[in-house]
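What follows is a set of structures for review.
Consider the two complexes below, in which chain A is the common component and chain B and chain C are the respective partners.
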Partner chain A sequence: MKRILYIIAIPVLFFYSCSNSLNPYAPARPRYILNGIIRNDTSFQVVTITESYRPSNFNPTPDTEDVSIKGAEVNIWYNDTLYALRDSSINRIDTSRYTSKVNFYYCNNLKPGPNADIEIQALLPNGLLLSSVIRTPDVENDFFDPASVTVFDPTQISQVYVGWKDLGNVYYAPKISIIYYQKGDTSQKEISVPLNYVNQNGNLVPNYPQPTKINFFNIDLSTINQVMSSIAGSDKNKSDFTVSKMMVDLIVYDSNLSTYFSSLQQSIDGFTVQLDASDYSNITGGFGIFGSYYKVSYRIDITRAYINSFGYN
Partner chain B sequence: MRLKLRNILKLISKIIFVSALFLLSTFSSCTKDVSVTPPDAPPPNGYLFINSYPSGFQIYLNGLPRRRATPDSLTWLSTNSYSITLKKNLFRDTSFTVNVVEGIKKSVFVDYSKNPAMLGSISLTSNPANAMIFINDSSINQTTPVTINNLMPGNYLIRFHAPNHRDDSTIVSVSSSNITSAQKTLVDTTLWSEFNASNSSIATNQLTCIAIDNDNSIWMGTPGWGLLKFDGRTWENLANQIPGLASHDSINCIYVDQNNHKWVGTEFGGVLDVYNNIIHAYGFMSSGLSDFRVTAITSDNEGALYFGTKGGLNYSNVDGSGNRTWKTYSNSLLSIPSNEHWITALAFDANKNLWIGTKSSGIVKFNQLDESGTLFQFTSSNLINNAITSIVTSGTDVWAGHGASSIFGTGISHFNGNTWEKVYPIPQDSYVQCIFIDRMNNMWIGTDKGLVKYGQGLDILFDSGSTGLNMDDVRGIAEDQFGNIWIATYSDGLIEFKGNK
Partner chain C sequence: MQVSYKNFIAFLFKIIIVLTIIQFDLIPAYAQGVGTIRGIVTDSTNGEPLAFCNVLINKLNLGASTDMHGLFTISSIPANKHYTVTISYVGYKSQLIPFVVNRNKISEINVALSPVSLKLGTVETVGKKIIEKNATDIGLQRISLKDIEMTPKGVESDIFRSLQSLPGVQSTGDVSARYYVRGSSSNENLVLLNGITIYNPFHAFGMFSVIDPDMINSVEFYKGGYGAEFGGRLSSILDIITKDGNKNDYSASASSSFLTAKTLFEGPIPHGSFIFTGRQSYSTEILKKFLNNQSAPISFYDLSFKLNYSNPDFIKGSKFIVTSFISGDNLNNNNPFLENMNWSNKLLGFDWFQLTDSPLYFDLGVSWSGFSGNVDPKLSSAKPKNNQLDDITLKMNFNYVYESKDELSIGAEIKNISTLLILQNSFGVETNLGSSGTNINVYAKYKFMRYDNFGADVGVRLAATSLASTNGNPYYAQPRVNLTYRIFPAVALKASWGIYEQELTTLSDENEVISLFEPWIIIPNYLKPAGSIQYSAGMTTDFTNKISLDIEGYYKTMQNIPTLNDNKVSPNDPDLLEATGESYGWEFLFRYNNDPLSFTASYTLSWAYKNLNGWLYYPRFDSRNSIDLTLEYNFGNGWFGSANWVYNSGLPFTQSLGFYNKLYFQDLYENNPVFENYLPFQILSDKDLGRLPDYHRLDLSLTKSFNLFFMKCQIDASIINVYNRANIFYFKRDTGERVNMLPFLPTATLKVQI
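Entry: the complex of A and B
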């Protein structure tokens, strides 16, 4: 009987001694995120700094606390000149989750050139330093391929080809549009031109260019015909429309933005959390992305005969 | 009893066994291997305080500017060696290395006053010499010429003071390791007086012409502020007094006739006859003027008036009935080229010849008796060029000033009664804007680079460098009854020269 008692007591003691609680969550340690994209098409540059937080549950939407960091000293150096960013805030348009103002840091006197080093340092109020160094895309004056179409004349060519220099492993985001005016309205209007139209269940769906590593595009005459026809649409007074030109606005991402964009492409969808999702950051001392892009424009003239063939001026 | 003791011992051994088993199970079987991320290292807390004398130097850390100026601190630094550069306008850059250790507050003080290489000097000269020097309104008990050393870089207000001269001052910027020079010509108040908008009631500093009437009042034209009168004590602006004069507010020339009438040639409204503060306007429509832009006026000994305009030459006189009559001379009669209409200067010589200067076609001698004209141009008559701005006569001598350059330069053409000769009394590349001959037969030449006194074999240039006055744009010269020379300038108002007596 005593032996049975021992046999029972020993395992009970064994397991009883291990019954302490174990919390799988380590203490929350805030991480700091700096995001900023330096652009050449404006002198107004914006940087945001936020703090990570532990959501109350798997659904973070109930957490409405503003996580932006105020009071940091954010400096940008370009061409050995200091650009001291000031903190500011604006009212939030979408207040469905956050109701406080959007806080950001800005300067309005920095318009970088191509192939230039830009350094940022953000000294947070708690002494942490977030920093990064980038180089703007090397977009030279003769960036576009000389073989690119300069005048679109359907009697001579059946495609619009525009190419540009390959800067290596970076992304390009072209936007093609036709500029026109309408009688009685002095403002310039534009209509986007897709790469092509895809037939989906009998409907022609435009396929607009996405950021890509391919350094050229071709647009068929049929696509341009379709866009030209849609300028006036059902308006019978075609002569009220004056078509000016075709413009290509090309945004060239730098290597940091390109890598970041590439990492985003690996996501399955907006609801799936991948355990092996790539997480790119170029911020020393924290997380986030500090990058730049360079915007260049290319003009393509359209022959008057082609414009008039649609009834436009 | 022994049995009871044995049972007690047995019980104790069982308790010890069970306790040992419990402890063993507690400390050995529950060994857990839980991985925990080490805590974040705190941010570096190195601290560097930088101060300087003087303050306000921009702080650069490792070559990059920080938004800090001395005295200020750099915080959150890690243990390291840092290159610090201090920069301030006018100072040489100062660079040094500081070793910062976390947990220790480090302080650096830079005293620029102790470093001679950071200091600068001022070299001061004046005309006349021996002027006393005041720096920032404090006397330094030194006189010019002098060099003041070991000055902290910055801007200094330097004032020069000399007896019988007007004080003058200038702001001098001193920079590290440099000598900054400053020179001032002080106005001799025994020789010169000036009347400008800052020290008198003159309506403007821009004067276009000057004349002195028989009452010793000074009459001045302006390019938009009317007709000015100065009697030595008070200023009057007749544009403000006479209704309708505002339309004639741009004055090109003034002529005082033998009856003390002031004839005023305007840019927009013909001629004004000013007499005893009564003004009679002879406009383009109400007179016989060939153009409303009157640029030169003179009269002959009989009192007949001649008006040069931008549209030709006009004659006016009063007939026996007391009515004023007008006549316009044709270019062909005057021998002026048909494409030239702009008369710039008029003067009679001792032989009653009327000398007519033109804008760009030379000079004409017009004989009133036979009404014949003789044209002189630089291609045929040894003139410097054909651009005439002013004419004066002395006996049968004629002096014509030129307002443009040619291959012969700029200067004056002199007619001695028979031939023309070129005279160059004025600064190089300057243009003659007016000429005047005083009662002592000195010729005064107003140019766009100063005033020249020409006579008795001496050429004296009066400009800002020699007088301290801004006489860079002289537009008119006149002499009062006391022998004082009055100079109308286009930039600095009216200037009186008292040293001609």
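Entry: the complex of A and C
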């Protein structure tokens, strides 16, 4: 019996004294990251360039040293025109980690059209080149489905349907709102319309549309009723509110931005533990995303009788 | 080359002819003037078959062990003489039974052994240990009812976790009951419950197996070198036979751990018995220890039912079995913005086991095994997933024992499998990978047992049709050879070689150390079926009746291993890629058993590699050195203690090259996210080139069995990780936080039997 105990005890003590240190890093040189999302709703386009870092205790959050790269030569080609980006900086809104200004490169004269190629090249101060080529979404004039609702009349239809062309494997981000005015205030106001309301522990929680690959949505009358009621809220002077219309804004991601966005959705549940996440990038020579989106709008009129039924003008 | 349907029918026809010849004893006997004894050994208190009992004819020093049905056969016994056969088994009183065999006849000797009373203090010493001199059992581990009862309970007693202590079997840590055998992935292990495949044998994210140990009668575990009667997996076979149920009296038991409550009912029916078991989780508090203190709203259950009927007035020597098993896991989030998940297994089978007047027995079985797994994203950003698998199997096995002691086994298995799988990958591409097909396999195996010191098991498994590939199945013929040569009375040399094939796979992400959804599919048509060639050789040494040492070496190559394509970004990219694998190693198993003490030590030295697209890497479960020491002591008066210490050298992990600030966005209507919406993201080095620190852990367990009034009670107290070793599980890739495995953790279970 004693021998057996010795046989167990000796290796236990030996291994208990083993070193438990671990260096999670492999030798490496810095990597560079370019991010930019070109948009059609503005001519002000922004690109950032940063470098990788190696926090000493392997926890990146407390690492507050600015990682932006200044002095790069950044050019964009669109429609055979060269747009040279200038560097600048602005104050940071969120200073919980970094307190320095946000450094970025910009141009304010590029407003791309649909289905167009855009190329970017960034020559870093150390001579490294980051580059990427994208094509903006092919959003034509007759993009929305002709069967989409143009006038919301609850006496005729019980739900609002809006559809649009399917561009394939890309994301669409719809945003629905009701436009209204309040007496004494000339500014236009808007209230977001959810797809529906979800019962969560007895409370109705609005379920707003998320970026999706589905190329349509439907909203029930009950949901619109609830939104309409909430415009005035507890204000008893309903006639002080003038409801104008319903607007659908739709952002269409290009294929690169769609793939990148999809790759961000990998934390599919709270329990799966994935060690090595696949990382999508379309930046040659580095990491990050260079993408574009196209924003279009669609107007839905609301019948006066329906608006008046809530006491609004 | 495919075997044509016509050839297959012709082959079946020949089988029937051969069986007919055997049935009428037209095959000349190997030796004249000899007879055979055959019988079933059971527990006298409940009629439960006792697997792996010792059966020894003292005068001839000729013996055998009972199989998983409690059946033994000893042939080539000189006729017309008086003998005594000794039947012995750990924990039971041995019985000596006189008999006479008649020439060319089978003498039936059915024995009911009585268990030793608890009050006697210790279990009875088994008489002389039977060494089956020419048993072709390399790579096989047998686990009996008694072994299972002695298993330390821990949080939840688990047969899968018991397997992890065997040499050649690896795990990736405390959190998972998944096991990896000789360098193969866990989806290359076949788990059979009463001969029916269980596709998802795990509860609670893989932390525990669905098999309640209380329902198990016996287990055979093949780490490799298994015979032609098994197929469909590359790596290992876990063959579990459940209890038949008490044939003498009705009884019930209930037990509870910190995680589950379970119950068991059993009793006699006319000419048979039934058993029902049920287990339900009732608290997830203990699971927090496994999930880095994270709460998981998961619940699980499993139910099993078995009914057997054996009426000699109906068909002599027959046994009919109906078996059913259901398990389910549900992860239900009350929050509609968090997804729900559920998994379930459903098994139903009917089996006819028949002993004939000749030394032939056969069994015919038909079964259905269904698996389903679903992810309902509700209003979350999770991706919907749905996997269904239905497996309808018809199989037949015939076994004939010649008077020369040689054995012939032939059989066929017809398996119809249909799968449905709808999912989106991480880049949002939706795929339906479901398909269906019928797999017809036939096998023949001949065991040369006529020489005392030499045994050979030569067989072939033929795939008449293929589930997986329309481009031909390179493994349609799977020959297998298993040899044993006893060079000295105490030393046997053993070797095996075989080709194995697998046509089903799971979509397993190698990067996930905890995985909730591993759907089963038939390997898509654009890939070939996975195949493996395995060699093993070793030595079994029985120094004395109490000490044994097994040494085995193995070498295994794997081809066409389906591996998830991490870089699928377009619908045209394949979901799976073909990888190759290679593994080799040495395994040592030392056993010392001298009541009341038993000591087991195992050591494994192993290497495993995987090659994907020319990139060679270590699989996540590749551990170079593994040691497992187990000490068990029966103190008497119902007290039983055990200590288990495990050591594994560090598992591979992918080192980091650093972090970069990755752009995240959800809503592009807000401010331009390019300015500030960044979170740290790890840049990874080459896959699995780093090594985590070594793992080691000591567990202690103490069990007290006692009678209280009319009840049999058992209390088990265990301490997991006695010296609170901080074994690393993984680094969180976003925060760099080190997550450790189980800390010091005391647990207890209580079992009451009426």
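The rule is simple: the second predicted complex is superposed on the first by the 279 of 313 C-alpha atoms of A that agree within 3 Å, B and C clash if a C-alpha of one lies under 4 Å from a C-alpha of the other, contacts with A are read in each partner's own complex, and residues count from 1 in each chain.
The definition used in the following text is that a residue touches a chain if its C-beta (ideal position, glycine included) is under 8 Å from a C-beta of that chain, and two chains touch if they have at least 3 such contacts.
The structure displayed is predicted, hence computed values, not measured ones.
Visitor: According to the stated criteria, A:Gly127 is in contact with first (chain B), second (chain C), both, or neither; which is it?
Guide: A:Gly127 sits against chain B, while chain C stays out of touch.
Visitor: After lining up the shared chain so the two structures overlap, which partner does A:Asp94 touch, if you call chain B first and chain C second: first, second, both or neither?
Guide: Once the two structures are laid over each other on A, A:Asp94 reaches chain C alone.
Visitor: Looking at A:Ile214, would you say it contacts chain B, chain C, both, or neither? Reply first, second, both or neither.
Guide: Neither partner.
Visitor: On the A-aligned overlay, A:Ala305 touches which partner chain: chain B = first, chain C = second, or both, or neither?
Guide: neither
Visitor: For A:Ala26, decide between first (touching chain B), second (touching chain C), both and neither.
Guide: The answer is both, since A:Ala26 touches chain B and chain C.
Visitor: For A:Ile157, select first, second, both or neither according to whether it touches chain B, chain C, the two together, or no partner.
Guide: After superposition on chain A, A:Ile157 lies in contact with neither partner.
Visitor: Once the shared chain is lined up, is A:Ala84 touching chain B (first), chain C (second), both, or neither of them?
Guide: The answer is first: A:Ala84 touches chain B but not chain C.
Visitor: Counting residues of chain A touched by each partner, does chain B or chain C come out ahead?
Guide: C
Visitor: A:Leu204 in the overlay: touching chain B, chain C, both, or neither? Say first, second, both or neither.
Guide: Once the two structures are laid over each other on A, A:Leu204 reaches no partner at all.
Visitor: Both chain B and chain C touch chain A; at which residues?
Guide: 18, 20, 22, 26
Visitor: Can you name the residues of chain A that touch chain B in the complex?
Guide: 9-10, 13-14, 17-18, 20, 22, 26, 29, 73, 75, 77, 80-82, 84, 119, 123, 126-129
Visitor: In the complex, go through chain C and note every residue touching chain A.
Guide: 205, 291, 294, 296, 331, 334-339, 341, 375, 379, 381-383, 426-429, 509, 511-517, 566-567, 569-571, 592, 597, 599, 601, 627, 629, 631, 643, 645, 647, 653-669, 671-676, 680-687, 689-690, 692-694, 696, 698, 723, 725-726, 728, 730-731, 733-737
Visitor: Taking the complex as given, what residues does chain A use to touch chain C?
Guide: Residues 1, 4-5, 7-8, 11-12, 15-16, 18-22, 24-26, 28, 30-31, 33, 35-37, 39, 46-48, 50-55, 57-61, 63, 67, 90, 92-94, 102, 104, 169, 171, 173, 175, 198-201, 205, 207, 210-211, 213, 249, 251, 258-259, 261-266, 268-280, 287-289, 293.
Visitor: In the complex of these two chains, what residues of chain B are touching chain A?
Guide: Contacts found on chain B: 18, 21-22, 25-26, 29-30, 32, 34, 36-37, 39-40, 42-45, 63-67, 75-76.
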